[in-house]
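Data block below; observations after.
Per-chain numbering from 1; labels A, B, C and D assigned in written order.
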Amino acid sequence: MLITIKYFGQIAEVTQKEEESLEFSGALVSELIEQLYEKYTLLKNKDFKVAQNQELATLETLISGNDIALLPPFAGG
Amino acid sequence: MLITIKYFGQIAEVTQKEEESLEFSGALVSELIEQLYEKYTLLKNKDFKVAQNQELATLETLISGNDIALLPPFAGG
Amino acid sequence: MADKKIKNVFRQGAISSEFIGNSIAKHQTKTSIGAHNIFLGQVRADVIENKTVSAIEYTAYEDMANAKFHDIREAAFEKFELTCMHIYHSLGTVNAGEICLFVFVSSPRRKVVFKALEFIVEAIKADVPVFGKEIFEDESHQWKVNS
Amino acid sequence: MADKKIKNVFRQGAISSEFIGNSIAKHQTKTSIGAHNIFLGQVRADVIENKTVSAIEYTAYEDMANAKFHDIREAAFEKFELTCMHIYHSLGTVNAGEICLFVFVSSPRRKVVFKALEFIVEAIKADVPVFGKEIFEDESHQWKVNS
């Protein structure tokens, strides 16, 4: 499945882009993270959460392919 | 002893003055209140506190004669 | 207490939104501050037995009130890590919709400002001899009591 | 949620004291209000390893952030008896000493505004995807993390 991922803040610094589409053959968020760790080794040192459909996902969440984003720690206010 | 008493808010409405000097021969706040009840019967229906030297007094506080005030309920803010 | 300078907290009439805006602007040079918390008391047009409050006329035992405001200020600085604190209260007539109390606290961090502001406002309501005459539209009145 | 109109909470750059003063002024026609409580987040010139923060550059996952602000707003109205509530957050560069967050709640009575404001500010800090790049005077940077 082709999915689109958004990157923000210090995560976008690591990926050097704010958005990309990539082919994902797994099912779970945990598998997506493994795939991204392979592509961006420095991501392993970063703290981030995964959002899907604008809601935070867990490692066990099924990837539906919509609105996926990697979010570094929040710093609002 | 000659003492000066300040009246505020709805208490001043009852006494029809904001300040007066009067002769007081008792010792305690409770005795002063009794004397004022005699002079201003309507005071009995009113809720108030007595302050002396800008601090709240109790019925048992000794009257020193300085800075006495009758304070109706506070309504700041 | 006699040794410390006691400020005059009272202002004649309502506290304007421009005055509040200016107070905020003045704090922009204090770059250790991370959080401000502001309480504003506004006069309500309460309806009591079919009559509407149009204004409150504030009076105070001013010397005692300023001494109490001072004590509250000292207690708050003692209790909470505050960078600064300002309190202003109206005297005289304040119309419904206008502001009669302005309390402003600032601190490097946010958690403390919430606690400090509530402490100060509750202490003002409980301990400061300020009196409020609620004036109705027909010019009759009743005396306000804090709850 | 899809049915409700989601407001845009974000403003480009710092939130000015004039804007805050004007917001306060606009509430003077709402004469059922007795108490306002305002939280302001201000950018601190923190010193970290001898370098001073001169500004924070804010970015956000805007769609999700506005949806979260909306949820927080709905939850606060559900939980507390509020007359109105306004939230504004900066995007882009906000210099040290300038204001980046403005939360404004109003209610007939005071007790509720303290609880509501703290609830809203804590929820914003915890749940809204806003990111802050702390820019030092030498143009190096680090990423801010809420505590």
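We adopt the following convention: a contact is a pair of C-beta atoms (placed from the backbone, for glycine too) under 8 Å apart; a residue touches a chain by one contact, two chains touch by 3 or more.
Small disclaimer: the values here were computed from a predicted structure and weren't measured.
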**Q.** Where subunit B and subunit C are represented by their mean Cα positions, the distance between them in whole Å
**A.** 26
Q: Give, as an integer number of Å, the spacing between the C-alpha centres of subunit C and subunit A.
A: 49
Q. Using CA atom averages as chain centres, what separation in Å is found between subunit C and subunit D?
A. 23
Q.
Going by the contact rule already set, what residues in subunit A reach two or more other chains?
A. 77
Q. Tell me, which residues of subunit C touch at least two other chains?
A. 41, 110, 121, 125
Q. Are the chains arranged, by touching, as a line, ring, star, complete graph, or other?
A. line
Q.
Per the touch rule above, enumerate the chain pairs that touch, sorted by label.
A. A-D, B-C, C-D
Q) Once bound in the complex, which stretches of subunit C touch subunit D? A) 17-18, 20-22, 24-25, 27-45, 96-99, 106, 108, 110, 113-114, 117-118, 121, 125
Q | Touching residues on subunit A, where the partner in the complex is subunit D | A | 6, 8-10, 51, 54, 69, 71-77
**Q.** Sites on subunit C touched by subunit B in the complex
**A.** 41, 56, 58-61, 63-65, 67, 89, 100-101, 121, 124-133, 143-146
